[in-house]
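Read from first to last, the chains carry the letters A, B and C; within each, the first residue is number 1.
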Amino acid sequence: MNRSIDLKVQSLFMSPAALVAAGIILPPLCYVLITSFQGDTGPLSAYKLIVESSLFRQTLATTLGVASISSVLSLILGYIVALHLARQHPNRRTVLMVLILLPFWTSILVKCFAFTIILGRHGIINNLLSWASGFDVQLPLVLNRVGLFVGMTNFLVPLVVLPVLASLLAIDSTLYRAASVMGAKPARMFWTVTVPLSVPGVVAGLLSVFVMSLGAFVIPALLGGPQDQMLSNLVDFYNRQVLDWPKASAISVILLALASIFIVPMALWRRRKI
Amino acid sequence: MHGRNASNGEAIALRGISKAFGSVTVLKDTELTVNKSEFLTLLGPSGSGKTTLLNLISGAIAPSSGEILLAGRDITRMPPRERGIGMVFQNYALMPHMTVFENVAYPLRARREPSEAIRRKVLDALDRVGLNGFDDRKPRQLSGGQQQRVGIARCIVYSPAIIMMDEPLGALDKNLREQMQTEIKRLHHELGTTIIYVTHDQEEALNMSDRICLMKNGEIAQLGTPDELYFRPNSRFVAEFIGESNLLPGKSIAANSVAIDEAEAVIAPSSERGLGSDVLVMVRPEKMHICAPDADPPAGHNVLRGVVEAISFIGGMTRITVKTAHGVSVTAKIISGPACTRPELGSAAKLSWSPTESVVLNG
Amino acid sequence: MANSVLDPLSRRYRFVGSSLATVVYIFLLAPVVVTIPMAFGPTNALEFPPSTYSLDLFRILFTSDSWLLPLYTSLKVAIFSTCAALFVGLPSAYWIARYEFLGKLLISGVLISPLVIPAIVSGLGIYLYFAYIRIGGTTLSLVLGHVMVTLPYVIVMIIAGVQKLDRNLEFGAELMGANPIRMFFTVVIPELVPSLISAAFFAFLLSFDEVIISWFLTGSDTVTLPVKMYSALEWEVSPVIAAVSALLTALSLLACIVTIGLRKSSGEEVS
């Protein structure tokens, strides 16, 4: 409605939020930005040293690789689940949603702890394999790339399921009836109706999952090995071990810039949908 | 009823009101005066601007230009709560978390009236709409019709100068709608409140209104009593929107005669249109008489000859369409009789009507 | 779809789809479920399934200060930050959902931004900022940090709630003479109760489970439960963690059920 807004009432409703925005949310970003330019030898020295270090380059590559692969893995698994949920009767779907929402609401620490138990050298998987094969199997499944991918995917799947499910449920079910009356087999229906019409959910899910995984911190720290540390862990390393805040800030700025490349289209995509 | 709209003062006046959203004009420069105690209906297809007009009066949106006077007072920039206008919504808009009593008491509590006065007024309002003893129920425990009665009670309880009703019966089924029309008319008669009523249902508008304001594309197409709109439409749009109509294209050939299809001249009320101009002669189907080709129509009637093209039996009335030799289809609506009394499909027939029953419109 | 005649082909596809989905459900739930039996296991070994069952781990959790104090800190921080996030989020979310105003995109963008900004960036920034204004390591700093994290979720959830409300209710109330404040308290808030409850639960849980921001903000006497757990997982995996995990899982389950129950009772599709 474009009736003239009562400014007094508006300030009453918006001022607490404005205060939080200006007093809590924006300053940290400013501090990171300012600190990143306070290197020992000139404003850009921290960036220069970071970009030249092989540790950073290697971590950047790891971050991009892990984020891409785990996003795609979680998309595949998430799509399977969303498809299954979309085909259930609404009442049954509500019950099954608990299976998605419970992991979604569960602390990431609980999951990491559980995976160290499940994937450890004497963990559930290795015990099962030993019991089945008769040998003492001790596959290295955690504190390496495998553990990292398992943890990341597990964390990301619910984030994919929700948007994909929403777009699957938005498909008019008469389309399926029409397609099958016209003689389409299930596989053709899937590729010609379901997949194209779920694209909005897939794009939204993929973008948000990718942005989430770029900033992963806890999972690489607890389930990955020393070679699997990501940019967030490098920030923590410079902040806590090296006590070099300009470098920690410079990496943060780079990470934020990297994420923004995907945040901006994500925001636009959301607006478009609305 | 119709005598009551005589000039006992203006309730609301719109002076040069218009509304544009960006580059889209949804209401063009409009002048409209509603008299005190009048029942005025805003009628029109969707997108005609009737809801915009309503929203402007209620204050839901601000006009792009012009002013709104409520009993002579400028309320153009006044917030809705100070206007003292009541509104009944299509979807009822009752507070689901409040009982019927609390819903009806809401406007009085907002005005900080003493609680015993509130109680008295609320029970009185509920009594008036026939909801005695429903005060403890929640809206969702009521039927659609009952919910809308609460919506009406909530309006009349604080005696607003004007009550606006935005398709209040739109969500109800046909029988209930007719019953509620009667009740709203009764309430209007009892209370003498000014009512501005929005609907897209022409029968509802004809049945209830003192005057109808028929809108089209953000403009008033015609403003007048139901009789005027039905019997004296001023344009093809009005003639087609209200009731059924035959529109016979022709040329004006004399002060009171029109050539239809350049063949048959008919007598029509004199129009001020120039000789030779294209006109439409409008005749309501129920004013058309049909008779056998050899029978004589009443004296002085205009006559058209043709072949029966279609017959549809729709209950109390039967619609017979006759196609003239020049290809114009004309429909007559007659009181139904058994099949043997109707002309046969494909048989010749004669149509006739009294010149006074026709209206000449711009072609 | 459910009642249609199934041809054998689609039956086969459906079977494959269900089987695959079941495998994914198991994968998703396994880490949630595994910790529960272990919480009732012995105190000296981490094994699955546990060889003996007891409540010893919970006894240690609820008697040793090194776990009890973080639990208390987390509870305190979660309660305060949830209240603060609701207090800030409710009016602003309503206004953002209902009105167009100058700077709306800017302020809503800033308020929502912690949702997408990597937590480590916010964490480092807030650490530098709070160190500068000298409130680092205090409970207040934790509460403020958690408000930053929970507020976007609260706002998004309340905006979704407001958008489902019938605008005519609010307009009708105003037309009947209620001023905006009265209207807000008598119409909007009562109507928003389900959204407010789910937002509160979610904010509480988010704060109670929050690791990264807290990792930067905790002082020696304001360690939160997740930070304590994170360091424990990094250095020595203690069996007590199983009990903590079970506790957190129970909390998540509760929040999850309440949310679904609320959505179901307000008659909408869960998605």
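Simple rule for what comes next: contacts are C-beta pairs under 8 Å (C-beta built on N, C-alpha and C of every residue); 3 or more make two chains touch, one makes a residue touch a chain.
Predicted, not measured: the structure shown is a model, and the values here were computed from it.
Colleague: Need the central chain here, defined by C-alpha centroid distance to the all-chain C-alpha centroid.
Modeller: Answer for the innermost chain: C.
Colleague: Select, from A-C and B-C, the pair of chains that is joined by more C-beta pairs in contact.
Modeller: A-C
Colleague: With chain centres defined as C-alpha means, what is the inter-centre distance between subunit B and subunit C in Å?
Modeller: Their C-alpha centroids are separated by 54 Å.
Colleague: What whole-number Å value describes the gap between the mean CA coordinates of subunit A and subunit C?
Modeller: 16
Colleague: Spell out, as numbers or ranges, the residues of subunit A touching 2 or more other chains.
Modeller: Residues 1-2, 6.
Colleague: Send over the residues of subunit B in touch with two or more other chains.
Modeller: Counting only residues that touch two or more other chains, subunit B contributes 59-60, 79.
Colleague: Mark out which residues of subunit C touch at least two other chains, giving numbers and ranges.
Modeller: Residues of subunit C never touch two or more of the other chains.
Colleague: In the complex of these two chains, what residues of subunit C are touching subunit A?
Modeller: 1-2, 4, 9-10, 13-14, 17-18, 20-21, 24-25, 27-32, 34-35, 38, 46-48, 87-89, 91-92, 94-95, 99-101, 107, 109-111, 113-114, 116-122, 124-129, 132, 144-145, 147-148, 151, 155, 180-181, 202, 205, 209, 211-212, 215-216, 226, 229-230, 233-234, 237, 241-242, 245, 248-249, 252-253, 255-257, 259-260, 264, 269-271
Colleague: Inside the complex, what are the residues of subunit A that reach subunit C?
Modeller: 1-2, 5-6, 9-10, 12-14, 16-21, 24-32, 35, 77, 80-81, 83-85, 87, 89-90, 93-94, 96-103, 105-118, 122-124, 127, 154, 157-158, 162, 165-166, 169, 173, 176-177, 180, 185-187, 190, 208, 211, 214-215, 217-218, 221-222, 231-232, 235-236, 239, 245, 248-249, 252-253, 255-256, 259, 263, 266-267
Colleague: Spell out the part of subunit B that touches subunit C in their complex, as residue ranges.
Modeller: 58-60, 79-87, 89, 91, 93-97, 106-107, 110-111, 154, 158
Colleague: Using the touch definition from the top, list the residues of subunit C that touch subunit B in their complex.
Modeller: 166, 168-169, 171-179, 182, 186-187, 190-191
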